[in-house]
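Below you'll find a set of structures to go through.
Next, two complexes with chain A in common: one pairs it with chain B, the other with chain C.
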Partner chain A sequence: MSSEKGYDTAILTVERLSKAFGGVKAVNDLSFSVTQNAIHAIIGPNGAGKSTLFNLITGVIAPNEGKIKLFNHDITSLRPDKIAQYGVSRTFQNIRLFPDMTVFETVLIGTYLLTGGKLLPALFRSNEFRKRERQAKDRIKEILQFVGLWDMRNEYAAKLSYGNQRRVEIARALATNPRLLLLDEPTAGMNQKETKELMQLFSQVNQQGITILIIAHDMHLVNTLSNQITVINFGEKLVEGPPEVIQNHPAVVEAYMGRAEANA
Partner chain B sequence: MEQTKKSYFQKIILIIVGIALFLLPFAITNPYIMYIINLILIYALLALGLDLIVGYTGQVSVGHGAFFGIGAYTAAIVAKKVGLSFWLTLPFSIVITAAIGFIIGFIGLKLIEEYLVMATLAFGTIIWLVFLNWTDLTGGPMGIAGIPAPPTIKLGGFEFPFLQYHDYYPLLLIFVYLGILITRLLIRSGFGRACTAIRDDELAAQAMGIPVFKTKVTMFTISATFCGAAGALYAHFLHVVSPETFTFSMSVTILTMVMIGGQGSIAGAIIGASILTISSEALRETPELRMLIYGFLIVIMIMFFPKGIMGLIQIIKRRFLQKNILIEKSSVEKEGLGYE
Partner chain C sequence: MFFDQLINGIVLGSIYALMAIGYTMVWNVLRFINFAHGEVYMGGAFVSLYLLLLDTPIWLAYLGGVLAGALLGYLMEKAVYMRMRNAPKLNLLIAAIGISIFLQNLAQYIWGATPERLTSPFLYKNIQIGDMMINQHYIFIIILTILVMMVLELFMNRTIMGKAVQAASQNISATQLMGINANKVISVTFAIGSAVGALAGILVGPVFLVYPTMGIFAGLKGFTASVMGGMGNIPGAMVAGLLLGIIESFAAGFISSGYRDAVAMVILLFILLVRPQGIFGKIIQQKV
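Showing the complex of A and B:
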């Protein structure tokens, strides 16, 4: 498939995952895997369980059944911060920024795994502490320049335009140095120009060797950006494959358009 | 707006003022005023401590008066029953309040916000009842009297006694400076940033790899320790401790200081401590009225000035400088977009 070594290795494997809320099966016996360096899209109608799936992968909620593996580590039911340590970072469907922080401060939070939260080095400002702080700040400069927010670093993040707020969130996620980046409808509510710019950003992120798992509604975005698509409906996997296959798959058309149109 | 980065000029002024404050006793002859200033310093340390958990970490405690009391009683008991001096009772107070703070934090922070308030309220009340009723240890309603002042320090040819209010002041000032220093060092570190991230958005903080519970418990423990140290200083300053000092209203008073001064601000904690100490001395004769006023003030502050006096100062500053007026429109934008 590719000359790059390790392209086909699975970075994330979801095995027979189930989660029910009361009687509603949000995710039902779902299995799929994400290969390294892929841009893997999860699509499906509203309420298909996509966001639940993300919350399961990132440990916000625990599954009733099934396993989630990152490389060969079992991360099922681990705490979100533990899962973040394994190199999984995310953005949220409804942008979650820190209300009182500037862009720089917000992204600085993302470097927690680099700087750590130890008390004694902080109180005595050890050489190691200073070194890490410097590294963290250099890294943020790099990331903010990369996402195009360096000039706005001293603005309050919550004051920026919607599109730029999303960029702050992505920058914060990148600051954790992730191997796998989960994007939950990153282009929802954006205009075409913003969407296009973000898509460019995502492929640049991907080129840096970060695997992307993305939830999206915009079929154009999914078809252009991703190289693997998993379609889910009612918490179950409908089909999976590269965009060319998915676009015309009868089950997908049916899920999106309804049976009558599919037959027409 | 790199407001946190102070210019060299400002830093030098702060250092000069900091040193000049040591000379304050020479300017004040009235011992009563000196007594009030000393009280302000003790309360400043309490407010700094409580602000660590309330202002910087977003976890509200109404039981910190109890940590103050535990610190004071530990120092009093160790001083009276074991006969140790202040320099040894202080570490005792710190260790004991840290341990109890850790336990209370560990239990209480498993709970969400509203329940944490209730848990700390219950804790404060229980501790007060212990002070009141464990007569063998705490002296019951009479408390413990005759706690000695810290022994005189002899440095070269100079002697530094701690017998009068004027003598005690530099010691308290050093501890307040220490509290400010520790607060600053902590806040500007990965740990401190983790705390503010938790305060602002717990879920997002956790997604960044921040261990939320551990961070909260750690900060709660440090916060309790500040109050414990303040307690030891208080016991050796007044030479007497009694249960009526460490009631629920003490916890509320400290919380009011933080709220009025401005949460998450060192200057705010000190301003709040100054205002409330002076006003409660002024309202000494009518303690019921005092609580009524504090309650009213807290409500007003939460409703109109959630960032207290320091928040107000910042708003005025920004208006004055005609730049970057904070517009709270983002929250509206966010709410406009529902779930999938």
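Showing the complex of A and C:
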């Protein structure tokens, strides 16, 4: 039931994934795969299980059944920090920053893996540590210039505009050197200008070779940005395909508009 | 008289400040009060005392006590608190009280209840400044406290591990998703906070003696200081600890020594009424 093409270059494979909260099946027997370098969109009505899916992939919660593979590594039920080390990073639907940190410090946390986070070399400031620290600082500068926040690096992240807070979150995610970036409704609540700028940023990120899995409601964004769409409803996959196919698919129209005898 | 009380206050305040750091650091990462922290203070002092009985050189005995304190805090977290990550905070609090009582009794079983004096290379020497005689051990306490605060400040703000501790205290789920092992950060936090607490116990040992329940009052004062400074605020805990010590010392010297704790508690109540977030704390907005 997974996509016909690109199995050999799949970066992420979700196999028959299920997760129930009490009696509610948030994700139900869901399978799909994300091709390397794709911008893959997940769409579906509110409560369809999209955010649960992201929480499962990033290890925040464990599935009841099914498998998640990243480059053929089984990452199912691994700790979130382990999964991040495999190259998965994300942003949150409700922006989650560190309220008492500047933009620079926030992104610095993302480079923790680069500097190794070892306590003793950090305290004694070994040469190896200094070298890595320099590399981390260069990387932070590069990322902040890339997302356009270098001039605001010393401001408190939580004090920035909503659009820029999202950029901080993206910068922090990029600092972990992800191969797969998960964006959970990144443009929700943004104005048109901010949305347009963020969309540009996403395609630039993608051009750097980072695969993107994006949850979105904005159909214009999904249609222009993504090259593969998976539609889910009630935790199950409805249809999958490129934007041209999805746009007018009867099942999608039904899921969004509803129908009298819709089977639940 | 004034300066004598001031010095006494700074010494007492240094101890409170060192204790407050442990409470505040643990609060930062786990959002609960480790009521067994006073027993880390006691444990460190006892291990130093024991090492001295074995003819260990005094500096090694002190160091051993500090390391034992760090280990005790680390084990406490690994053995008990870590297993209760998803439990209500009240359960952790009660577990902490349980650990506290257990450790007091364990210490009494091993070492007995008779107060004993830790030795200090400085205890019987004085420094004369003007017409004032200051005990050298007091100076030692003050210098060591300043040193610890500087090292801690460097660790928290200049190392990536320190930044990770800060990040974990501000948003633990986002921290984990940056590839940072939250359990490791929590362990490091416990070890450091406990090492500092044990150091406080060791420094006090030569002055106020070492006995199994020595941690109860010191713990209460350290906790008071951490609340005064704003829970979770490390510099705040340091300043509030010093302030509390000085206030107590003046209350004892100029009012009556019997009123010393009463004055401290009245000030705590006053701060809780006027600035519930602590002197240096910020009002935390709860996000829905």
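The rule we apply is simple: the second predicted complex is superposed on the first by the 251 of 264 C-alpha atoms of A that agree within 3 Å, B and C clash if a C-alpha of one lies under 4 Å from a C-alpha of the other, contacts with A are read in each partner's own complex, and residues count from 1 in each chain.
Everything that follows uses one rule, which is that a contact is a pair of C-beta atoms (placed from the backbone, for glycine too) under 8 Å apart; a residue touches a chain by one contact, two chains touch by 3 or more.
This is a predicted model, so every value here is computed, not measured.
Peer 1: Based on the superposed arrangement around chain A, label chain B with chain C as either clash or fit.
Peer 2: Taken together on chain A, chain C would clash with chain B, as the superposition shows.
Peer 1: Answer with first, second, both or neither: which of chain B and chain C does A:188 touch in the superposed model?
Peer 2: So A:188 only meets chain B here.
Peer 1: After lining up the shared chain so the two structures overlap, which partner does A:20 touch, if you call chain B first and chain C second: first, second, both or neither?
Peer 2: neither
Peer 1: Considering only touches as defined above, state whether A:61 meets chain B (first), chain C (second), both or neither.
Peer 2: Touch partners of A:61: none, neither chain B nor chain C.
Peer 1: Under the stated touch criterion, which partner chain does A:239 make contact with: chain B (first), chain C (second), both, or neither?
Peer 2: neither
Peer 1: Return first, second, both or neither, reflecting whether A:96 touches chain B, chain C, both chains, or no partner chain.
Peer 2: both
Peer 1: Of the two partner chains, chain B (first) and chain C (second), which one does A:47 touch, if any: first, second, both, or neither?
Peer 2: first
Peer 1: Using the touch criterion from the header, give the chain among chain B and chain C with more contacted residues in chain A.
Peer 2: Higher number of touched chain A residues: B.
Peer 1: Just checking: does A:10 make contact with chain B only, chain C only, both, or neither of them? Give me first, second, both or neither.
Peer 2: After superposing on A, A:10 lies clear of both chain B and chain C.
Peer 1: Give one of first, second, both or neither to describe whether A:162 is in contact with chain B, with chain C, with both, or with none.
Peer 2: first
Peer 1: If you stack the two complexes on chain A, which partner ends up touching A:219: first (chain B), second (chain C), both, or neither?
Peer 2: In the superposition, A:219 contacts neither chain B nor chain C.
Peer 1: Under the contact rule defined above, give the chain A residues that sit at the interface with chain B and also at the interface with chain C.
Peer 2: The answer is residues 58, 60, 79-81, 84-85, 89-90, 92, 94, 96-101, 105, 108-113, 115, 117-119, 122-123, 133, 172, 175-176 of chain A.
Peer 1: Across the complex, what residues on chain A touch chain C?
Peer 2: Contacts found on chain A: 58, 60, 79-81, 84-85, 89-90, 92, 94, 96-101, 105, 108-113, 115, 117-119, 122-123, 133, 136, 172, 175-176.
Peer 1: Which stretch or stretches of chain B touch chain A in the complex?
Peer 2: Residues 1-2, 182, 185-186, 189-194, 196-197, 200-201, 203-212, 215, 218, 324, 326-331, 333-334, 337, 339-340.
Peer 1: So in the complex, the part of chain C that touches chain A is made up of which residues?
Peer 2: By the definition above, chain C touches chain A via 155, 159-161, 163-164, 166-167, 170-171, 173-182, 184, 188, 287.
Peer 1: Considering only the defined contacts, which chain A positions touch chain B in the complex?
Peer 2: 46-47, 50-51, 58, 60, 79-81, 84-85, 89-90, 92-102, 105, 108-113, 115-119, 121-123, 125, 129, 132-133, 154-156, 158-160, 162, 165, 172-173, 175-176, 185, 188-189
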